[in-house]
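Below is one structure; the comments refer to it alone.
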Amino acid sequence: MALTREQIAIRVARELQDGYYVNLGIGIPTLVANYVPEGMEVMLQSENGLLGMGPFPTEDQIDADMINAGKQTVTAATGASIFSSAESFAMIRGGHVDLTVLGAFEVDVEGNIASYMIPGKLIKGMGGAMDLVAGADNIIVTMTHASKHGESKLLTKCSLPLTGAGCIKKVLTDLAYLEIEDGAFILKERAPGISVEEIIAKTEGKLIVPDHVPEMVF
Amino acid sequence: MSGFDKVVHSYEEAMAGLEDGMTVIAGGFGLCGIPENLIAQMKKMGTKDLTIVSNNCGVDGFGLGILLEDRQVKKMVSSYVGENALFMEQLLAGELEVELTPQGTLAEKMRAGGAGIPAFFTATGYGTPVAEGKEVREFNGRNYIMEESVTGDFAIVKGWKADRYGNVIYRHTAQNFNPMAATAGKITVVEVEEIVEPGELDPSQIHTPGIYVDRLILGTFEKRIEQRTVRK
Amino acid sequence: MALTREQIAIRVARELQDGYYVNLGIGIPTLVANYVPEGMEVMLQSENGLLGMGPFPTEDQIDADMINAGKQTVTAATGASIFSSAESFAMIRGGHVDLTVLGAFEVDVEGNIASYMIPGKLIKGMGGAMDLVAGADNIIVTMTHASKHGESKLLTKCSLPLTGAGCIKKVLTDLAYLEIEDGAFILKERAPGISVEEIIAKTEGKLIVPDHVPEMVF
Amino acid sequence: MSGFDKVVHSYEEAMAGLEDGMTVIAGGFGLCGIPENLIAQMKKMGTKDLTIVSNNCGVDGFGLGILLEDRQVKKMVSSYVGENALFMEQLLAGELEVELTPQGTLAEKMRAGGAGIPAFFTATGYGTPVAEGKEVREFNGRNYIMEESVTGDFAIVKGWKADRYGNVIYRHTAQNFNPMAATAGKITVVEVEEIVEPGELDPSQIHTPGIYVDRLILGTFEKRIEQRTVRK
């Protein structure tokens, strides 16, 4: 079975380490915060200027002046700091964030990522995504492996306008966890019950399949 | 201390001098920390052909979005404009120009504009449509693009508290783009929730020193929430 | 008589306007603060990160953490703000300071200024002077008109390494106030009792002498 | 919260990993806000061939000046080095290299280094010896030179108060270069006068967010005054 949104979040959370500063993109990446392992502490960076994002507020705590990058009302955790957008992106661009998790429309074997624009259809803008992919060393892209019509989103070459060039090394789809190296996807893990054959069929870009591809365990 | 008394007493006075075709830099992120009354005054003035530099363009009917209703905006420089149907409509009809700028680059362009730095290099956007027409240069084996700074004829800013010297502090994440915007206007106008006595703000804790502020006005704010999310 | 240090400061103070942000260099420029006209308020910017410098502290107030750019203990005035060196020079470089007053070894008819280094003799460094002269629109250079040996310091071309190129328009010496325009010094005022002839004799760079050169009044 | 507990309990631990030939960025202006105990630890370690990036080099016998006594410094990047006879002696003898850098450019080079900006343009230094070998470019009719950013293997910083997350505030003008230095070290070490409980510092008033800080140590400070001036 393809991973659920929650399972994707759980799998990403396994990449966390105690003391990590993490930026979670809008959508599935946001869910990762719910699965931080017991006894481990991470700090969430929200690019609108909040390091140490806490949970959503109670009704009483709601404050229009306290939002995250998704414009949702949030709280600040103990040890938080709040700063300007310039300072926030100094952190991001300067490589101080330990892990960035974000979604994408497409990735390719060169580590390119397209996530912000579908010409003629969607022109909302890149927000902070271009800075995040350019600034981070450690990025996990979460996405569906293929479109509803079965078209692969793991490509030889991205067809959509790029968000970043050559910056993606780790991709977690609903079917598999892959790493990008030397112009190929390397299949590292597969979703429970998903066959290597299905992943091969749904991966358009060059795919390297090791002898043993472990199944994820949840 | 008339020379340092930045307080003005009407929104007309606050935005006096704004003319058709000017560039306005606005603080705010989404609807958080936006100078809502200064924007309303711009709508009232009906100034046209404006270039607005702001991370977002508000929403339909609130924030910078209201300037679209009478087609006052010629061009937006923003990182994200997805919350605004009227914006999309005018954009797709070719009535509005948009320069999509990565959020961090936008913040840095404002800061650089205020800081006398005409251009800087960033890896952000290299190899993407943002890099088109921009110089690429390698530093330490990595490619970067050159981005030029931005300044405005006006900067409009939303603060929390200020003294009459124009020293401003921001509240929580309503800080966002406001401090950079404040540095980058030929005329910087700040509206705040409270004007305090000089000396009340700790000098070491001022976000925007008064030197950047030309006009200061006390306002009341709706502070509309874009995504009301609560804990269960 | 050549102007005293105090008279130089008094003359500079006449250029002040109510509401000016002013950066005063070390030495004579610092004295300008003592002659701010009654009823006028200016804020002094000290480039180590203080806007709104107050007077020296009393013995009780002395605080090692509160100094000016000359490393002197100072106080903060009402309405002061304190910030980082990056912020301080953002202000300076960005042209937000209304008036900068600083000393020099030499200036020339092109508006060049040399103030920080005498090769082989003095290599202390430029401190913030290069930023100040590059960032300010409105600069007054205070200096002696000639050396002890009578050699002019108002030159056709500076002989010492430059602090800034083409950035000086106003010079106040112990003998005269001059403006630099189109490759020449224009004699605007002379010190009380100083003859135009003496100024001509001690000015090596091209000097334009108007028909009437008013004497400064103190 | 071990992962976010930046506190170390000895100066040995604080500077562990410092090696010959490394670059160290130091906060402080004159003797104000200098990490005096971290510097003393460097002297104790005897590390050689250091490149030190700091606005000044202390004075004879105090601050960074003590590193000159055993010739630990290969090169200084500073804006002003006039308070130090031993410095001049070693410089004139060719035993010490100095890269004189305008103060604002130095501050910006540190900030840029921490902010992932490899280079920027400034008018500061154009047409002067500082511009030698640097690219000149015109923007809007004015000439600017390109300056590259700086980063250090270590950054040593003096704060006032911090919590164990490494959130730091500075006191008065002891702030100076410290916030930028803190962003620009591969390993950033901060020594402070007081370690407070998490939550005591107002999140909106933190000068250096903990993300930049690797090690935090509680110190006691002499805080020598360079120019004691009093009002009559």
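Order of writing sets the chain letters: A, B, C and D. Residues in each chain are counted from 1.
One rule holds in what follows: contacts are C-beta pairs under 8 Å (C-beta built on N, C-alpha and C of every residue); 3 or more make two chains touch, one makes a residue touch a chain.
As the structure is a prediction and not an experimental result, all values here were calculated from the model.
Participant: Spell out the chains that contact subunit A while also contacting subunit D.
Facilitator: Per touch definition, common to subunit A and subunit D: B.
Participant: So which chains count as neighbours of both subunit C and subunit D?
Facilitator: B
Participant: Sort out for me whether A-B or B-C is joined by the greater number of C-beta contact pairs.
Facilitator: A-B
Participant: At what distance in angstrom does the C-alpha mean of subunit C lie from that of subunit A?
Facilitator: Measuring from centre to centre gives 55 Å for this pair.
Participant: Centroid from C-alpha atoms only, then distance subunit B to subunit C, rounded to Å. What do you get?
Facilitator: For subunit B versus subunit C, the centre distance works out to 35 Å.
Participant: Using the average of all C-alpha atoms in each chain as its centre, how far is it in Å between subunit B and subunit D?
Facilitator: 32
Participant: If you average the CA atoms of subunit A and of subunit B, how many Å lie between those two points?
Facilitator: Inter-chain centre distance comes to 29 Å.
Participant: List, in ascending order, every residue of subunit B touching at least 2 other chains.
Facilitator: In subunit B, the residues touching two or more other chains are 108, 111, 115-117, 122-123, 171-172, 175, 203-204.
Participant: Indicate the residues of subunit C shared as contacts by at least two other chains.
Facilitator: 76, 82-83, 89, 92-93, 134-135
Participant: For this entry, which pairs of chains touch?
Facilitator: A-B, A-D, B-C, B-D, C-D
Participant: Residue numbers of subunit A touching subunit D in their complex, please.
Facilitator: Residues of subunit A touching subunit D: 17-21, 40-43, 45, 51-52, 76, 78-83, 87, 89-97, 134-135.
Participant: Would you tell me which residues of subunit C are touching subunit D in their complex?
Facilitator: Touch list, subunit C to subunit D: 46-50, 55-59, 62-68, 70-74, 76, 82-86, 88-89, 92-93, 112, 117, 123-131, 134-135, 161-166.
Participant: What residues on subunit B touch subunit C, complex-wise?
Facilitator: Against subunit C, subunit B makes touches at 1-4, 111, 113-117, 163, 165, 167, 183, 198-199, 203-204, 206, 209-212.
Participant: Okay, in this complex, where on subunit B does subunit A touch?
Facilitator: It comes out as residues 29-33, 55, 78-83, 88, 91, 98, 100, 102-108, 110-111, 122-130, 160, 171-180, 207, 223-231.
Participant: Per the contact definition, I'd like the list of subunit B residues that touch subunit D in the complex.
Facilitator: For subunit B paired with subunit D, touching residues are 108, 112, 115-123, 137, 139-140, 142, 144, 148, 169-172, 175, 203-205.
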